[in-house]
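If you scroll down you'll find the structure; I have some questions about it.
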Amino acid sequence: MTTGHEWNGIKELNTPVPRAVWFFLIVTVIFSIGYWVLMPAWPLGDSYTRGLLGSDQKEIVARRVEAAAEERAAWAQRIAAMDYAEVRADPALMAHVREDGHRLFGDNCAACHGMDATGNSGFPNLVDGDWLWGGSPDAIARTITVGVNSPVSKDTRVSQMMAFGKDGILTGEEVMATADYVKSLSDPGWAKGKAASVARGKGVFAANCVACHGPQGKGSQELGAPDLTDRNWIYGGDIDAIHATIENGRQGEMPAWEHRLSPADRKILVLYLLDRGEALKAGAAKGAPR
Amino acid sequence: MFGTHYRIERKSVILAVAIMIVASIGGLIEIAPLFTIDDTVETDPDMRVYTPLELAGRNIYIREGCYACHSQMIRTLQDEVERYGPYSLAVESKYDHPMLWGSKRTGPDLARIGGKYSDQWHTAHLTNPRDVVPQSIMPRYGWLGRAQLHTAHLGDDLRAMRAVGVPYTDAMIANAAADAVAQASPDDDTAGLVERYGEETQVRTFDGDRRTVSEMDALVAYLQILGKLSKAAEQPAKAVAAAATAPAAAEGGQARP
Amino acid sequence: MSERQRGLIVLAVLAFIGLAMAVAGAGRGDPLQAHGYIVLLFSIGIGCVLLKGYFAPEPPATRLDSYYDDPSKVGIVLAMGWAVFGMFVGDWVAWLLAFPDLTFDAAWSSFGRLRPAHTTGVIFGFGGNALIATSFHVMQRTARARMPDQFSPWFVLIGYNLFCLLAVSGYFLGITQSKEYAEPEWYADIWLVIVWVTYLLLYLRTLARRKEPHIYVANWYYLAFILVVAILHVVNNLAVPASFAGAKSYSAFAGVQDAMTQWWYGHNAVAFFLTAGFLGMLYYYLPKRAERPIYSYRMSIIGFWGITFFYMWAGSHHLHYTALPQWVQTLGMTFSVMLIVPSWIAAANALLTLNGAWHKVRDDATLRFMMMAAIFYGLSTFEGSFMAIRSVNSLSHYTDWTIGHVHAGAMGWVALITFGSIYALVPWLWKRERMYSPALVEVHFWLALAGTLVYVFAMWNSGIIQGLMWRTYSDSGTLTYSFLDSMVAMHPYYVARAVGGLLFLIGAVVGCYNIWMTIRRPSGAEATADTPLPATMQPAE
């Protein structure tokens, strides 16, 4: 049964529209009408129909978020109220810390400190037990809250490693010699054949660096000046990196999280880091919770 | 019904007109009211405009196709609010010609990235993401640090933005190029810039190099302002701003990014 | 004025505009300069081709007794060229997401610039040329009339390819408006309007000359494609240039209004570029190849008007849960759900047309391409309507699930129907008995199908895993995974996708070879009675 037309050989049957088509059309239209009645749907000039359910996605999510926080409150409030040692002694709470901490750290801190918190060039390792600003929970919490050299926090920690070479405080030769000396602090083999330079550097160091890094180069947690005698480096321990630090200075910036993370979240991060550090030390990092 | 059609399909012009009418209805009803219904866009009298440097950065963001991987639209969903911060409001992009809400998150949402990381980090990350995030699949943008920013014609850009409705003043347009340079040169005189764009204008050596104003400066300045043009989304009453792990902790921080 | 003279004048004007753009751009140090040179060289190049035949004698008047198919032939070759380019870039981009350093350390070759080169290359380069080439062929055949002149089809085809060239070269140069699928800047947009109006007029003029009283359904679809794309293009691209001597412009709308306009455009670019036009193709080449009548004229009518009406409301499903007011989201969702019905009517009408020809589907890979395309069309529209439901979209949006859906539609539907139609069309146009190698058509079919399936399954997996990881909550009631966790988890799927894309690309290259060899082979077939001269005249309008 064709319509009687032909286009370059193509004909059309005049088959009636199958019942199923009308059926599904009606079903979807009824569904839609129902949805329009219940939900915000049709514009009316300067307003719109609100729907019988009065649904508002903004209110819904606000309620959801609030309810979720309340649900977490059971353990989160305990963490907030207890002191660090108590929480760490409570395996149930620490399980929450590990679960939440992993995500909090991954979304906020991993970009700089690495997904496993072992740091990266320019960003310190947070699980090696070696702390720039002190390893007490309160010191760590403070670093996270106010940051280091943060341009937004008024109470930020300030860390200034001057540009001794670039700013002309030391001559190029002195910078080189000091770098040799600093390198030799953690790598005694380095002094071999460079005794003169290292000795010279020792003098320069005593005159310029001890104020922050201390007479033995052990650093100062007050000033955030790193220990130069161990093998934990922020910017790398090769001679070029050390030279670059003395030449150009360093002002590593750690953002302040006081406006982005709640106190509870910051506390969880501190606990998470201490826990990870310990787990690592215990050689159990591999099996640490994901 | 089929009979009527039998006649319409004999007349090409009528068919064409019918198609245009039938096809226009949906768009008219959905788009036109967005200009007339008041609560479509929240009001924020304190909303500020992009500085010339930030606008230049935004244009680089567009040019490099960052929107192909990054959204700038936090949806009204619990997980998004808890991960990225307060959901995005319409007012926050009211000066965005065009909007950059995006449609794909190969990388994370950037609507609230401003202030989250340091300038240093952004510069290192854009130069080679794998230097700072070894697992990253984001492309390298090393040339941004090497390319000098073209500031000479920024006044034209501000003027075009004003033509489409952004309240740039004559003084802003006249000083566009100078303001762009000033924002990346904290040692220079920045009083004019701050007067025109407000106390909170971020004046820094974004790429760490004081001598030149590079495209990296502009892009980082733009990234650092994302989510900060308007504070409307942080108003606690508005919704979720105060959410935190524990409700008791709410006063201290805004959101859970 | 002869058509050759007209052509030369248009090219001279264009060359002058190119020169002006180059000079103006150079003055500002603007990338517009490079585009000026491209326009200039393009006009000179085409001008040389024109001049080569300029003094040849005019073709005999008898040519007016036959259809004018040369633009279709060139269009098909261009479509296949763009296909290989676009899919090569697509696969490159796919590998980049698995191994981000597989590129040059240069601006032009970074992901954000290559990706729009892929989408524009395949949608506008490959799809658009295929649509223009087939629409010229179909409208003449179903109107039983030769096109009214020879200048306009060439202007449309060449002008359109200039637009594509400006678009793609623009991304490499860093020229883009960032509006997905409408990225080219203001001057390219204006140029496309001129080309498109010519296209519309050409179509209407040919229809006006038709010797069939009724307009065939394929033409409804092609007409809707041309008309609606014109409306969408003009509205979404409204913008104010920063300077007429520069490429940069600022779109007229901002924020939420811009978002809605963009996705009204974006969704209907899918609807009228990637669907309506290709349904026109389906409605001609499938019944023709199967030699079966269309299953139901009435279903054609409901399908067509349903698609034309419902689609235009659906764009807001790209903006669920965003700052777009919820009432618009409701409309977008409900109309998307209703849209499944006309979409499936169109798909079912095509598949039921194959009733009585299933043995041909089994034996003939060309017809199988078309059949498989109709199936993927049904599948991707079902998926689309499903994803348009708000709660589903809350999971799928921003993830690779969307990418999977896109490529079920783009590879499974758009590319397969195009390959099928081209395999049917090439022997007809070049008057060959058949394709050079039916076996290679068969090879292409299986490569394309396998590639599509691998791609789409990989993206369904990665998309759903990604979406779930983003919203998984631990027993503590906190989010379980960081974004980086989800990014790392995508790696194997990205590799699989890139392999699937490679299969698909190889298939397209095989197709090019086959088409090339078909064209080169001497004409064996008798010229069939493929002319507009009818046996019996029927009055037109």
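As written, the chains take the letters A, B and C, and residue 1 is the first residue of each chain.
Just so it is clear, a contact is a pair of C-beta atoms (placed from the backbone, for glycine too) under 8 Å apart; a residue touches a chain by one contact, two chains touch by 3 or more.
These figures come from a predicted structure and were not determined experimentally.
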item: Chain centroid nearest the full-protein CA centroid; value: B
item: Farthest-lying chain, centroid of Cα atoms versus that of subunit B; value: C
item: Pair of chains whose C-beta contact count is the highest in the structure; value: B-C
item: Mean-CA-position distance for subunit C and subunit A (Å); value: 43
item: Rounded Å distance between subunit B and subunit C, as computed from the means of their C-alpha atoms; value: 30
item: Centroid spacing, where centroids are CA-atom means, of subunit A and subunit B in whole angstrom; value: 23
item: Set of subunit C residues in contact with two or more other chains; value: 213-214, 297-298, 321, 325, 331, 335, 478-479, 483-484
item: Multi-chain contact residues (two or more partners), subunit A; value: 43, 48, 57, 68, 72, 100, 107, 110, 115
item: For subunit B, residues contacting two or more additional chains; value: 29-30, 37, 76-78, 82-83, 87, 108, 133, 135, 245
item: Interface residues, subunit B side, partner subunit C - complex; value: 2, 5-6, 9-13, 15-16, 19-20, 22-27, 29-31, 34-35, 37, 39-41, 59, 62-69, 71, 73, 75-80, 82-83, 87-108, 129-130, 133, 135-143, 150, 152-153, 156-157, 159-161, 163-166, 245
item: Residues of subunit B defined as touching subunit A within the complex; value: 29-30, 32-33, 36-38, 76-78, 81-83, 85, 87, 108, 115-121, 124-125, 131-135, 202, 204, 238-240, 243-250, 252-257
item: Of subunit A, residues touching subunit B in the complex; value: 43, 45-48, 57-62, 64-66, 68-70, 72-73, 76-77, 79-80, 100, 107-108, 110-112, 114-115, 120-123, 151-152, 252-255, 257-265, 268
item: Contact set on subunit A toward subunit C in their complex; value: 2-3, 5, 7-18, 21, 24-25, 28-29, 31-32, 35-36, 39-43, 48-49, 51, 55-57, 68, 71-72, 75, 95-96, 99-100, 102-103, 105-107, 110, 115
item: Subunit B-facing residues of subunit C, complex; value: 28-29, 96-98, 100-101, 103, 105-107, 110-113, 115-116, 171, 174-180, 204, 207-208, 213-215, 220, 223-224, 227-228, 231, 235, 239-243, 246, 248-262, 264, 297-298, 301, 305, 308-316, 318-325, 328, 331-332, 335, 394, 397-399, 402-403, 470-471, 473, 478-479, 483-484, 487-488, 541
